[in-house]
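In the two assemblies presented below, chain A is common to both, partnered first by chain B and then by chain C.
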Partner chain A sequence: MSVRKIKLTSSEGTEFVVDADVANQSVIMRNMLENCEAHDAVIPLPDVTTPILAKVIEYCTHHRTGAPIPTDDANSVPKKTDNIGKWDTEFCQMDQETLFDLILAADHLDIKPLLDLACATVANMIHNKSPEEIRQTFNILNDFSLAEISKDNERMEQK
Partner chain B sequence: MSPPNLVTDVLHEVFLYLRPENPFTSQTLPFCLLSCSLVCRIWYDEARPMLNEILDFSVFRLLFDDHHYTTNEINQLAVLLTESRHNRVDYFNMPERMTINVNYTSGMDDFDFAVEGLVNILTLQPPNLTELLFDINHTAYTSVQRVHRITDRFRRLEPVCSTITRLHLLGDAGGPKHHAHVAGLLAALSRHLVSLKLTRFSLDPHTLDSLTRCESLHELELRYIRDGEALHTALPSLTELRIFHYAYDQYVPQDLAVSALARSCPRLESFTIESDHPNLEPIAEFKSMLALATDCLALKTLCLVRYKLADDRFVTLILLRHCRALKRLHLNWCPNLRGGTAVRIKDGAWAKLETLSLQGCSELALGFLRTIVASCPRLQELVVPDHLANQAVEIMTGARFVRQGVRRDHGWDQWKRSERGKENGEEERGGKQGGREQSGGEERGREQSGGEERGGEQSGGRNVEANKGVVKNVEVIKVDVEGNKIEEGNVQGNKVEGNKVEGRNVEGDKVEGINVEGSKVEEKDVEENKVEESKVEEKIVEGYKGKGNKVEESVVPQVVEAAKQRKWRALLPSCNAQRS
Partner chain C sequence: MALCKRRRLSDAFSSRPQKPNKRTFLSSSHPLAIKPLGNYYFESTNPAFKGSCRTSGLGFIAALSDELILDVIERFLEPRDLCRLAETSRVLYVFAHHDDLWRTWTVNEFRGNFTWSGTWRATYLKTNNPSYEIQENDTPVQVSDFYSDTLYQPFYCASASMEPFMGVENVERRSNLSMAEFVTDYAIPNKPVIITDIVTQWPAFGKWNDTYFLERYGDVRFRAEVVDIELRNYYRYAHNQRDESPLYLFDKKFVRDCPDIADDFEVPEYFREDYFSVLGNERPDYRWLIVGPARSGSTFHKDPNSTSAWNAVITGSKKWIMYPPDTVPPGVFTSEGSWRAAALTMSILTRQHVHPPLTWLNLLLDESEVTSPVSLMEWHLNFYKKIHQIQPRPIEAICRAGEVMFVPNGWWHMVVNLEDSIAITQNYVGAHNLLNVLRFLRDKPNQVSGVSDTDGFYIKFREAFQKAYPGFLERIEKEETEKRLTTWERLKDGGSRFSFGFVSDDE
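For the complex of A and B:
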């Protein structure tokens, strides 16, 4: 039996053809394929733009032979940001906007290792920075000045 | 504003990476998460709940308290507080005390940077930061030098000198010859200083001189100080003193000091002498203690621990004859206190006494307990010496006290008066109960559970309804103001209609702690009712257990009047819920 081929289409309609084991790294796509009887399948991805989809496929292709990562309970195990491999580090060299879009895509497609990697990369950009430095890194405006945060004041008083 | 595609889900995922290792210990402050929470409002909304989960905010309340912070951490904290102030985030309001321990860092360069961090924080003037604690419990030369540098730096800080009102010096900074700088800081703070605590400190002349200038001082606590012979020279200028606490492990006579307090501190409310060892001589003799009792008419709290002089004569001639305002009396581990039949509580002595502790008084006679519970109408808490623990049961429960716990190794057996009579007979509950069961005293019912007759906060969740059965046994009078019912009442001649006066604490009406049930009308500040406090003391509602004591008729109708007045009615919803 030949390798299953999957055709993925981006929001702009660009088509990408990948092997099944590449697509299967996305839990969403894996579930779709299991339910699909046809040997070759077409999966439209209207939420993912072409450049992002390309990056996702690049990642999944490189990691196609990797062992599946055991699922942890995301909230209980602290995540490490210091065990990112060389290829992964270079892969993440991209502008911030693309990185954030990649996080969203990995989230939607449920590709946990990619999500972890992208989040860890962002976390590393935040690490050891003061609030002002973080603002400068991400070009964020400080919008506190007008509002007082009183809810937590109350809560703290009760403690 | 955050970049649009850094949505909260994504932020949440990212922040999970910034959480410190589980289990979280205070050794690692989550600086990253804290920084994130101060970036902008969306980041705050996402990060703050995470912080609330993992962080004990006492690290902000008591700055640098629990472990040694590195120079970097000190400065990071200063940055966080600066941002908090600017962004009006509540971290800025949290600091109350800053601990200064000079052993933060290794090299002197780093040290200066650390001091700058501290200075930055103090200059921000967090509104609740009023206390400095100097840990100067070391003698190494570099440490002593560092103390000098810090104190010299601080005393020139105008913000420090006007906002710091509490100072605690823990240790001796290498000895009296090094105290000039610390004394200088004390002098700089002296004008506004309200509380001064010295632990294991030597009272050198410089410090004494600075102490003399602390004319606003309310609280002076001296623990294991050295060279304290000249203490009395500083006390006369401390005319605002309210609290005096002296703990010692070496004998130094302090009669002059106690006499000075008697002469100069008319507002003194609390006086404590704690000897560390049973064989130590008392630092204040009969005469100076008598002067204190005679002249300090506002004295509410008196604690004498391991005080050999506290014998029956002392109690009779000093504590009973004077000390009219006394609310809390601790005579712990006083070996000569017997409480024989000659010690009589009469003429209104100890009329306001609410707490009495006789912990560890191993010679105390059982009869004294009987005298106390019979003669102290407002007594709410009594700690019995453990050698009487078994025999005390009958006396205590007969007077409606409930045992809280017994610790024989600590010499105590604690009882609290219950306003509802016995619960399930006496139980020996381990440890102290958190529940507030008594009326009057300093425990005001704060619970407001809308209309219910239940104290929400009581441990044991005492339900008045459930007590009805018990109530019958002791003929407790329960009256419901709103419904104007008299339940299980036996209130002949009292005209206590429509009064819910059970465990009542109607602060708003200044009718505090009326306890008609069972009942002694206690501690009423009834200006509105025009009842003199003295009239209602030790009055017992007629019919209670047939003892035949009566409430003065003048009293009760006025209580009724107050209830009928609109003002009291307005308080009724909270009345019903309050238990004092």
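For the complex of A and C:
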């Protein structure tokens, strides 16, 4: 029996053909496909650009035989960010704009492992950094007034 | 109680800017002076408008929605990281003071042993480091050029009044109700009612209040959502908080843990059938003591295992909204994937001017997981007005001290405490819902709750019941079959059209 193929189109109209088990890692797409019997299903994704969709497909293709998608924890516990595998770490080497677009896409398409991976990558850029280092990493402007800084410092010193 | 997943409505359908929303214009101000998104559009028409500090204060992170940023912080960062983020920019300072984050961290790390200090943030910092001094009179940094519904909403919901939502009560109230009348008028037709002359006879009535409980049971640990907390500590929190959804004390072991408390109340005679009792200690959870301040309560849900319930208010008052079993209340979506699938499908298909297929609507009919707005106030602000657009109208009622509400099996219900309240609730299986319960246990084992072995529960209950009441089950099952056959015969003969729900029209 041949594997079912799905056509995904990006916001620019670029078509990607993927196997069903790749698309099924997106809960959104999985639900849509379960209710659609057609063999030539097309899922338009007008909110995902071509390069981001390519990255999503790259991730889902690599992880297609991975563990079943984990369900949400009832209590959110801070997730470990130090056990990211080699392939995943290399996959996340990208400029920040792409990384954040990937977070948005993974959230939009409901691909939890990818969302978690991208968020953990961002978290690792913040962990144990000083405020000035964080500002430099993300191009954040220090917009506190002098009065606000001294008020703040008093409070923060107590931690 | 079935756990209900909660989602913020603000990002439900897209991250595109929302249209200006009159409802979010407010003159009362947030402690950090932030404003809802609607104010941005309004203020931007003013020539002196300086814009928002969001983009410069977040840098590359600005690409994410406020809700996603909160998600990253809550799930992947630690309190220390957040304190550092607070020093980077004014908008991140606002994120760092978002109390919901600190509540999650406090509860996860300290369970019920926190030192309540007015806000969850102060509480975490104080519990973590007892020498931390809370600056009570200090004004925090004012960030009036940050506009965010996600961050503003909890403050607004915590401050808003329930007054506009006190609709006309349309539930029946009865006193001097005989057992036979209860069965005929309410149990069999599966209809809610408030009974007014039972609880007033209990020793608890007039005796139970916060002061009495504190004195008598102050050191007892009770269950409040995900934590076990000493009542004394719970009250310290409950009487001095401004949460949108206050932590709610809902304890199933109170009879065991509170000496003599069982002497102060008794199960009303109408509800004494209790067929799960045939299971002895292996019965599902069935009775709870409920204590909570104003704004605490439960969003829409159905009671577990298709049981019926009664809820007696001993002190305080509760607002109820109830929908019959086949009507999904406004704002409630069932089944995890369907919420997002529905949203995505709708946004795609409406853009292409295609009517969405009916198939995705079927996803909504599986009630295995219920998704509902985050808080009771948020539901009221967004969905209460829709009550008039759906048939049938719901039951609305305010159950006051001394009254008991009958919640028939399968009914959707939402309850809000209007003030500090103490109540007792019990679920039960009686003759009128026994067959429903058996059907539920048999057909929906994945939704069975309150027991450890959900798959084997149907068989276990059926066997225990037959042992305790031999022949009873066969008799009522036979009666039910005969009733259906009679109905079918009547319909076949071209009798008047009517439906019990399992006879479908040809549509």
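Here is the rule we go by: the second predicted complex is superposed on the first by the 140 of 159 C-alpha atoms of A that agree within 3 Å, B and C clash if a C-alpha of one lies under 4 Å from a C-alpha of the other, contacts with A are read in each partner's own complex, and residues count from 1 in each chain.
We adopt the following convention: contacts are C-beta pairs under 8 Å (C-beta built on N, C-alpha and C of every residue); 3 or more make two chains touch, one makes a residue touch a chain.
Remember, predicted model here, so these are calculated numbers, not experimental data.
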Contacts of A:35 with chain B and chain C, given as first, second, both or neither: second
Contacts of A:65 with chain B and chain C, given as first, second, both or neither: neither
Chain B versus chain C as contact partner of A:83, first or second or both or neither: neither
Contacts of A:46 with chain B and chain C, given as first, second, both or neither: second
First (chain B), second (chain C), both or neither touched by A:93: neither
Of chain B and chain C, the chain that contacts the larger number of chain A residues: C
Shared chain A surface residues [contacts with chain B and with chain C]: 74-79, 81, 96-97, 100-101, 103-104, 107, 119-120, 122-123, 126-131, 134-135, 138-144, 148, 152, 155-156, 159
Interface residues, chain B side, partner chain A - complex: 1-3, 5-7, 9-10, 13-22, 31-32, 35-36, 38-41, 43-44, 48, 52, 57, 76, 79-80, 83, 86-90, 93-94
Complex interface listing, chain C residues touching chain A: 3, 5, 14-15, 53, 56-61, 63-65, 68, 71-72, 74-78, 80-81, 83-90, 92-93, 104-105, 107-108, 125, 129, 131-133, 135, 138, 141, 226, 336-338, 340-341, 344-345, 348, 351-352, 357, 359-360, 362-363
Chain C-touching residues of chain A, taken from the complex the two chains share: 27-28, 30-32, 35-36, 44, 46-47, 72, 74-79, 81, 96-97, 100-101, 103-104, 107-108, 110, 116, 119-120, 122-123, 126-131, 134-135, 138-144, 148, 151-152, 154-156, 158-159
In the complex, chain A residues that touch chain B: 74-79, 81, 96-97, 100-101, 103-104, 107, 115, 119-120, 122-123, 126-132, 134-135, 138-145, 147-149, 152-153, 155-156, 159
